[in-house]
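What follows is a set of structures for review.
Each of the next two complexes has chain A plus one other chain: chain B in the first, chain C in the second.
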Partner chain A sequence: MRRSADRARRGKRKGPTDLQIKLVTLVGLLVLWESLSRLGYISPLSLPRPTRLASTLWDLSVYGFPTDITVWLHIRATMSRIIQGYLLATAVAIPLGLIIGRSYLLERGTNPIITFARSVATISLLPLAIAWFGVSELSRVLLIMYGAFWAILTNTIQGARSVDINFINVGRMFGAKRSRIFFRVILPATLPRIFAGLKIALGISFMVIIGVEMIGTVEGLGALIQQARFFYKSDMAIDGTIFIGVLGLILSVLLDRVERLALPWAVGLEEVKR
Partner chain B sequence: MNTVNVKVDVAHVTKQFDAENPEQGLALSGVSFGVRTNEFVAIVGRSGCGKSTMLNIIAGLLDPTEGEVRINGTPVKGPGLDRGMVFQHASLFPWLTAIENIEFGPSNLGVPKDKRRELAQGLIELVRLKGFEDKYPRELSGGMQQRVAIARAMAMDPEILLMDEPFGALDQLTREDMQHELLRIWESHKKTVLFVTHSIIESVYLADRVLVFAPHPGSIRKEFSITLPRPRQKSSTEFMRYYEEIYEAIG
Partner chain C sequence: MKTARFRQGLIASWSGFLLLILLWQFISSVLITESSLFPGPVQVMRSTMQNLALTRLLQHLGISLQRIGLGFVIGTALGITFGVICGWYRTLGSVLRTPIELVRPVPPLAWIPLAIIWLGLGESSKVFIIFLGAFFPVFTNTYKGMTTIEPNIIRSAQMLGLKGGRLLLRVVVPATLPDIATGIRLGWSYSFGCMVAAELIAAQSGLGYLIMHARELGITAIIVFGIVLIGVTNLITDYLIQELILKRRLRWHFLGTEQA
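Take a look at the complex of A and B:
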């Protein structure tokens, strides 16, 4: 919707595509950064130049750091943790949010607990998670789940409780039993809000992962950044950060695609709603 | 009224919304009337006179505080398939296409996919929306949305059509088209219709009988039988006389 509006604004003249504009901007900024660094305006000690980051990246993907743990292994470890934690959070938060959101008593009753729990910084639970589940993959996955959980839950609750009463009445007038009203009316009416929660939760998962990988592991981009910092390898730490950003970007784009497929009727509606 | 062909029998219905505030919360007080089979009855009145509340009670979406509504002699205990409703705002599900919205009722009753598609296709033609079957509601104009809502109600083949200011949000020209369409459908499919509106012209144009509701508390102030033959001329002297009498009655 927005893209077609952009195209309309540019008129019929044949201009560069959206992707071309983005790529040129990115390359331009990199060239500027490299030049400023080479001309001595930026000290390579405080901020390594792009060519240096690229050669470090080459080393990382071939030799790895620590030795033999290549960047691909770090990515695999990080992605596996994020996806497991995120999917677990989704699987529990959506049904729970729908139930709480449709019950006045449950919504009232759980409201303060949920507000409290979502205000607790996930990383502060690290010692507790270690005490309960040890320095293990389980601890890391559960912490990511915790971080992602509350955004999905609160958005699902808000969506479910604000379903237009007219929609429910239509369901009742047209012969839908309770369970059908739940699955055919309340669930689809809540989906846009659920997706809003899923997007926020994805961002949170990527924030939490760094802290979660600080302890007890050498695998994962968070661990890589920690190790690099310890050995004063700022180029490596920056490379790790860039990878986290790129992975976050890729997953966000994928989630947008899923949303477009799942909610063809809501495409373009979000700009009006927010 | 002869009890044999009474379709809807409203008997001493009172609705109290706020028990702690009996003066303010009384939406309807001792309302009684009947609707004959295949009769077209309009309810007019100012905002807040309880006309929508009355319709929702007949629909079974609200329970009366006192009194009862009987359909074919059986007391109403909740929504039922003998009644179809067209809401003020079309209330179409935005996640379903036009034809899927029409199929919603039959799908709840377990009508197989090809059967209900065929039924819905026929209704799309009845409300003259051919070519718009696969559009989502937000891609349709207000008038088109109400056509879908009427088709959705017709898909249940109800004996009674309850309509709550269905054309209230439409522009004047669309509104007149829709009134015309509704009469056409009513005449070809013979339904009992209860039509709530705040437009006197609309009520005189459409109905066999007009009930004038008065507020504080909601009750029937007066009743008019419209004996003009259809199609009615809105500019005729007789039409204007009805208009003025009803206008007077609303006060």
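Take a look at the complex of A and C:
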């Protein structure tokens, strides 16, 4: 990121770089945390020291918590739910969004419904899903699907609506048929917004699944940290939270890569609104 | 021509909305035999009125709004403060951003167990979760705004002799306000989701608790009513923040974008 304000104010950068400062800060914080903990200023029960967390990490990945469910199994459970719900949402939302976005009346007609459905907090649907489908995988996958669906749908609609009319006219002028215009002009022109929606949707699904897993299951990262809380194992809870953060980071980096591969022409399209 | 099209659109909006409600009623009363599991709009209203006193409902709503208000205000205030500090002082900013950026990828809901371990089951753990929901979007957007200001704005201010605190408060922060507004709006929607989830998972009151409790009692109508109420509350509050506060305060900015 360009720090233009800073540059304009001070001229050239001097001194240590951003990364150096961050590394020093990180090490400093860890040392401070460890020593405060060893000196007894931080209760090890509520905030275990870093070395303890590292050894717990080993326990989690070899013995697991609750017994025999290693952290890798938790990650697999979480990921499989996310992928199922996310793919379902994508498969339905993109075609639907393209159709709605290309028709003014359809767009207007569905607008109030979509606006409202998006405002419904996804997690608030959990009790209803449980009442209908029980505490099951189906409920969890459907909730992820719901959360991801509206983000992808609204972005696809926005993208399809705002395709430059000249692109379409040029296609028409060259005698392209409607279907060809749809697949060769409208779809590619909409892709950047679709990806924007996919990114937002991934963040939402990740958030939803963690919340959903806290109720009624023992498998999954959300379940791991919630179980750790029940047994007051704060080291397990912190490690689980770290795993969640790392997984979230990996997912978003992956999606960035995919976007860059699929849309080399749209790098830097940052204007995204939900 | 344009107005006729607009009117058509308006009619389509309303008919879409009405159609959905009619469809919902139709499915529940004709297609589904067990109407207690899939209550239509009429049953939802009737059953809710029978089973839930209005005062109780208002209590739940009130406590939810109180929690989210508190967490959101703290989160926004700290988010703006830290964002401005990190954008203004480079070295201090790098130091402060280290822990913030490490913690940021963790979704706020994942803090619920730790919040309970650290803060107990009382109000503070819920407010903490809501706070996290608001803090990160406000912080990242403020910081982004601070660091991407048009350099010429600052240069011209400097040329006119502005520096230090006055430059920051009179020029840089106002120029960042549109980004802060984006952050605030995102922050509100995140903290709203956080509030519902926190109440669902660990609370004895509030809208989230209301629907979770209704599930335990097996009254689907109240669950549906609660979901709709949560959605409407979210919609109204978001509208209030966007239209009444942000747009009025930032008229100069939004006027420009709407014309473009």
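Details
To be clear about the criterion, the second predicted complex is superposed on the first by the 221 of 274 C-alpha atoms of A that agree within 3 Å, B and C clash if a C-alpha of one lies under 4 Å from a C-alpha of the other, contacts with A are read in each partner's own complex, and residues count from 1 in each chain.
The rule is simple: contacts are C-beta pairs under 8 Å (C-beta built on N, C-alpha and C of every residue); 3 or more make two chains touch, one makes a residue touch a chain.
Here the structure is a predicted model, which is why all the values come from computation and not from measurement.
Within the superposed three-chain model, A:123 lies in touch with chain C and out of touch with chain B [touch as defined at top].
Look at A:244: by the touch rule set out above, it reaches chain C but stays clear of chain B.
Of the two partners chain B and chain C, more residues of chain A are touched by C. Legend: residue contacts after superposition of the two complexes on their common chain; A:189 is shown touching chain B, with no touch to chain C. When the two complexes are overlaid on their common chain A, residue A:172 makes contact with chain B while staying clear of chain C. By the touch criterion stated above, A:180 is placed in contact with chain B alone, chain C being left untouched. Residues of chain A that touch chain C in their complex: 1-10, 13, 15-16, 18, 21-22, 25-26, 29, 46-47, 104-106, 108-113, 115-117, 119-128, 130-132, 203, 206-207, 210-211, 214-215, 221-222, 225-226, 228-229, 232, 234, 237-238, 240-242, 244-246, 248-249, 252, 274. Listing the residues of chain B that touch chain A in their complex gives 59-61, 78-79, 81, 83-85, 87, 89, 91, 93-96, 104-105, 108-109, 136, 138, 152, 156. Residues 5, 8-10, 12-17, 20, 37-38, 87-88, 90-91, 94-95, 97-99, 102-103, 105-114, 116-118, 144, 146-152, 154-155, 158, 167, 172, 186, 189, 192-193, 196-197, 200-201, 207-208, 211-212, 214-215, 218, 220, 223-224, 226-228, 230-232, 234-235, 238 of chain C are the ones that touch chain A when the two sit in their complex. Residues 164, 166-167, 169-170, 172-177, 180, 184-185, 188-189, 191, 263-266, 269 of chain A are the ones that touch chain B when the two sit in their complex.
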